[in-house]
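Two complexes, one shared chain (chain A), two partners (chain B, chain C).
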Partner chain A sequence: MTDQSFFRSQADLLPERSPPPATTGVLGWVRGNLFSSWLNSILTLIGLYLLWIIIPPALDWAFFSADIAGDDRFACTSEGACWAWLDQRYNQFLYGFYPADQRWRVNIALLLLIPALIPLLFDKVPGAKIGRWFSLAYPFVATILLVGGFGFESVPTNKFGGFMLNITVGLAGIILSLPIGIVLALGRRSNMPVVRILSVAFIEIFRGVPLITLLFTAAILLPIFMPPNVSFDLVVRVIVVVTAFSSAYMAEVIRGGLQAIPRGQYEAAQALGLGYWRMMALIILPQALKISIPGIVNTFIGLFKDTTLVIVIGLFDILNIGKSMVSNPDWLGLSAEAYVFVALFFFVVCFSMSRYSSLLEKRLDTENR
Partner chain B sequence: MAVTESSSFQVRRIWTDERARSAIFQLLTIVGLAALIAIMVSNTLANLDARGLDVGFDFVGDPAFFDINQKLINYTSQSTFGRALIVGLLNTLLVSAMGIIAATIIGFSAGVLRLSNNWIVSRMVTVYVEITRNVPVLLQIIFWWTILTGLPKVRDSLSLGDVAFLNNRGIRMPAPILEEGFGYVLIAILVGFVAAILVGRWAKRRQDETGEAFPAIWTGLGLIIGLPLIVYFLTGSPVDWDIPERTRFNYRGGFNVTPELIALWFALSTYTGAFISEIVRSGILSVSKGQTEAASAIGLRSNLTMRKIILPQALRVIIPPLTSQYLNLTKNSSLAVAIGYQDLVSIGGTVLNQSGQAIEVVAIWMFVYLSLSLMTSAFMNWYNRRIALVER
Partner chain C sequence: MKIAWTFLGAIVIALFSFTAHAGTLDDVKSAGVLKCGINTGLPGFAYTDDAGNWIGFDAAYCRAVAAAVLGDPDKVEYHNLTGQQRFPALASGEIDVLSRNTTWTFSRDVDLGFTFIGVSYYDGQGFIGRKSLGIKSATELDGASVCIQTGTTTELNLADFFRVNGMTYEPVPIETNEEARIAYLAERCDVYTTDASGLAATKTTFEDGDAHMVFPEIISKEPLGPLVRHGDDQWADIARWVLNALINAEELGVTQGNVSSLAGGSDNPEINRMLGSEGSLGEMLGLSKTWAVAAIKAGGNYGEIFERYLGTGTALGLERGVNALYTNGGLIYAPPMR
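Moving on, here comes the complex of A and B:
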């Protein structure tokens, strides 16, 4: 008998018991994450209360009791938002005063941006190498499409406006500020004292003053600095100062990347007999730029948001179009609607850029381990 | 033949000699820059001459002839341009200081809350951070300003407990009137601060020597708050409140905070607070998990672990980017011009229009903002060094 009880068969083992119900499933998750301590419970309750007083009224305002049709604000009779203006005005929000029969050019320029961006963002796409030649040509193609020439009817830049103006200034600033930023960052670390001092002065001055004062400079002072009979376009002047401003920030981001490259890399490149430019172009910069990608994208996002500042010198970007619409008698006081609409554009663009940058950050992070 | 050969040899040697090459390059840079500046100066002089303007800062002594509604120092429309600019500078400093304090509080709380293991709270904070970060701050400023100026008119002001009133002209709040004897309260506050610092030092030394803890923070708070309170009541409550009273068209008494200031302050602090929360979050995450585990292994509570172990180490990562956020906030306060808060840029713009001295006004702007930037970064660098020294 004793023998038998000693050599128990496996079937006699106690069955596995399930964990206490309060620690698994929905209940367990709720207890662990929301009500693990009294402080946590209070936070949860406050959070739930805030959600309750914010979300339902907001949804109700934006969708359920909103008016969507009508010719002016008097057509909007319900309690909620009045989206009736969208029908009449959305073209103005997108294109500003760009001639209506030429707006297809803006659309094509925007569509062409997609094939120009893809080979730059994703290097595993087939044909990425050839695609990059198109990316290189894109700025010129887009300029011709927007401004005119080569058979296109010319459109003066004072007709630029709406979100298209934000994208134009933002994109031009992004394309130009990266190479200038690289040059400034290299200049700041140069052995030549004159180059170093000039780079430091440029970077510190442009980083130290608000963009708004630079825009006033572009609007008021740059014409004074030019020869008396020469005048150049206000949008171009804005692009110049926006570029200068963000290339100073870009330079600091890239300098951070350059500082992270160990000395051995420089010495190895020199040992191979590479000169300064080839050492930088082939060895140092590819590594430094890769580390600084998150910072570079953040600078891009900042630059793009800053394009709204052009309203202080009287350009009609999407924010100014919204601002002027809500002071129009037909749509007076629809400020919440207009600004939420404008905010949506920026949120979509900036949020996708920041998602892309954190995606890259994660990918590069695993590659380095 | 021989001569040309040797000279071409010379030229090639200069080209391959790094020092000679860099000297030539630097010389060319200087010459090019000097030429550019010379051209610009001559253009400028020609243009100014054509427009009949003269250069110089003499205009700051001329009377301004415009009004400023928010002023921290005496100013009338008879005051000078220079005084108007100082009023603007003080307004810039006021909103920046208020914004920096609020943004720091918002940013640190949001950063810590976002790391909380409470799912609802961390998600809500994430939504706040992502929305405010990805929408232009100018849009946010204009948005809040429109909401505030859309409040009821003065006649139908919202009353906050019958002492403060909210309407489309801002908030009218009771103003303190200091009476005789308030000086003692001020002295008590000062004494409280000094005593709190001394107690803190003594407690730290005692803890270092004997290991015995002393509730220095609570004692300090008691000294800073309690002592002035006692003195306040002993001297017979020397503060009288000037409570705003409704008149026919407006309010009498109290003081008014303009909607421009509130909107600008609120938008700047929530916007910068979102960025600061990201910095705080990554700073806390940069402290390795082993530190938390070691702290709980020696029996520290989570609140003490945060205060004594995590934050001091995280601060070293946090301070440098925090500095640039403070600078950004100060610079972004110049967006005030879009809603008519009279800061340095806005008043400068008025001065520029009235006097026509564009170059001088822009130079003043740049000089002031550059000095503010340099001073802030100098202070933060000093603080950063002080923290870094604690390391080992």
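Moving on, here comes the complex of A and C:
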């Protein structure tokens, strides 16, 4: 007897074999993820059944048996959706009641938004430094383009509507609410009682009241208390209210980020001899804002969707344009089509914001968790 | 605290009275534009055409007033107002006249401090139901489920109607007209009730319109008309007589087409007085001699406006019914121009 039998030689090992076909490839994935147990199998089948009864009729309604041409709803004879209004009405969905001969100004303002945004959103583009100066100037350029002045014919803001009203209110709210939110968040954590109390009061008042109530106040109560002939522009009132409302939320999101910064960071900054503002700007806020990105974007998306609430004060954003179309006797009863169109528009915009935020998170990730 | 409230109240009252005593006519003339409150979208009454202009039965009245006062029917600034917004907007002076399918009621006229200047459309609450229900009258609706918009006078009218007739019903509360239409088609309720004009508009959207019927019973009075603020009688007179001129024009056969030629003078002294070739009605109102010519030219007489936006030639297809002239058995009647 030798020790040889105790040790297995290399030759005794079974040859390598490929894994069983049922655990690899598509089949393996299906088995592992969809039919791994009785419960999962049943849930999968129910899910498939639901998809089967929902998706084909939805596609059929929206595309296969839809009407796409015609002058009014009577031209839509098939069973499916009636998209004939798109051709007649897309201008209203885009520009609201903006004068037809001035619409090129809206187009230019929208086009200029791209060079204004790119240097802010992506830092690896050539000329980003100079581009950011343009980004700073953009709100003023866009305001002049849209409202008028400096040689442009003036367009009253009650002509604003559709997609452009949502973008105007949403963008103005987003641009203004972030800095105001930062100031409020810092104010709430300040040691100075007056600053702290004012910040807390602002945040709690605007966060504690529904946005619809604030819009009603701005639209209905304000004119009653103002002397006659003194009237603030309604769109400006809406922007102020929306900004104040989302600033309050923004402040709390950023405060959450500030609280996640360990005290050592403050102490290290102070040990370096940095004053309050430099400490905040160079050490604390860059870290706090990075942590808060999901919350900030969440607030942005919420703000953008809330722009449809202007419907309650009689402004014609894209949703209300859809509703007003349905009140034309020629297009009566097409609300499903209008709502689907508007929902699609909001999904595209909000999904882009969400994608960008996850890109930003990846780029700023320093793996210091 | 009490002093502060009193003070605040005094300011509010002062503002209100200041608004009320300023001459609306002068304000409109100096602004060069008539601020007119209309609906945010109601089939036939206020809606947008494909080019984005506000048109409709209510908007046509705004155009007539602007034409009479400013000489140009396009000088209207439409303010689209929701049901809650309309009265504060008028009270605060944000608009000069409200032409937004508003029912003339005692409390609105007296308590809210407005002046209704007439009735431009007699509406009333009715029911629509499937013919397959096998009933011919709303008085046979005992036990039916009824789709009803909440928070409106229609809800109260419905309760009154069923109580008076000793019947029971099951309300299916609904927020908007569009929701009600969908709920009714999905058979969530046996009948749907709202103003008769709204029922007719809804019915035109049904694929099988013949399977449904509007019951003959009209269970409420909804006289719709334009209104202005209390306290400026000259302005109220202008608003009232523009409407009356449109109605009288239909009775006298003055149309958008022939008003220009009739303005030079005709055999009928009443036409001449209205169109300004005789007498001085325009001056009495503080307007030009040709105020009524401009108003009629803007969109035609009452009947023409009705036919263009609501009548049987439109997608709504409303009959004149009680909104015919009194000479044709309807209720539309205007005092004489003399």
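What we mean here is this: the second predicted complex is superposed on the first by the 340 of 369 C-alpha atoms of A that agree within 3 Å, B and C clash if a C-alpha of one lies under 4 Å from a C-alpha of the other, contacts with A are read in each partner's own complex, and residues count from 1 in each chain.
Criterion: contacts are C-beta pairs under 8 Å (C-beta built on N, C-alpha and C of every residue); 3 or more make two chains touch, one makes a residue touch a chain.
Everything numeric in this text was worked out from a predicted model, so none of it was measured.
Superposition note: with chain A as the common reference, chain B and chain C are in steric clash.
By the touch criterion stated above, A:89 is placed in contact with chain C alone, chain B being left untouched.
Shared-chain residue A:290: touches no atom of chain B or chain C.
After overlaying the two complexes on the shared chain, residue contacts for A:278 are found with neither chain B nor chain C. In the superposition on chain A, A:224 makes contact with both chain B and chain C. Looking at the shared chain after the overlay, A:314 reaches chain C, while chain B stays out of its contact range.
In the superposition on chain A, A:216 makes contact with both chain B and chain C. Contacts of A:362 after superposition on the shared chain: neither chain B nor chain C is touched.
The partner of chain A that touches more of its residues, comparing chain B with chain C, is B. By the touch criterion defined above, A:326 reaches both chain B and chain C. Once the two complexes are overlaid on the shared chain, A:97 sits against chain C while remaining clear of chain B.
Within the superposed arrangement, the part of chain B that overlaps chain C, taken from 43-51, 277-285, 313-321 or 367-375, is 43-51.
Counting contacts by the rule stated earlier, residues 216, 220-221, 223-228, 312, 323, 326, 333, 335 of chain A appear in both its interface with chain B and its interface with chain C. Chain A meets chain C in the complex at residues 72-74, 88-89, 91-92, 95-97, 100, 156, 158, 216, 219-221, 223-229, 231, 312-314, 316, 320, 323-330, 332-333, 335.
Interface residues of chain A, counted against chain B in their complex, comprise 32-34, 36, 40, 43-44, 47-48, 50-51, 191-195, 198, 204-205, 207-213, 216-217, 220-221, 223-228, 301, 305-306, 308-309, 311-312, 319, 323, 326, 333, 335-336, 339, 342-343, 346-347, 350-351, 354. Taken in their complex, chain B has these residues touching chain A: 22, 25-26, 29-30, 33, 40, 43-44, 46-48, 50, 113, 116-121, 124, 130-131, 133-139, 142-143, 146-147, 150, 327, 331-332, 334-335, 337-338, 345, 349, 352, 358-359, 362, 365-366, 369-370, 373-374. Residues 12, 15, 18-19, 22, 40-44, 46-52, 77, 79-82, 84-85, 88-89, 91-94, 178, 181-182, 201-202, 204-205, 314-316 of chain C are the ones touching chain A in the complex.
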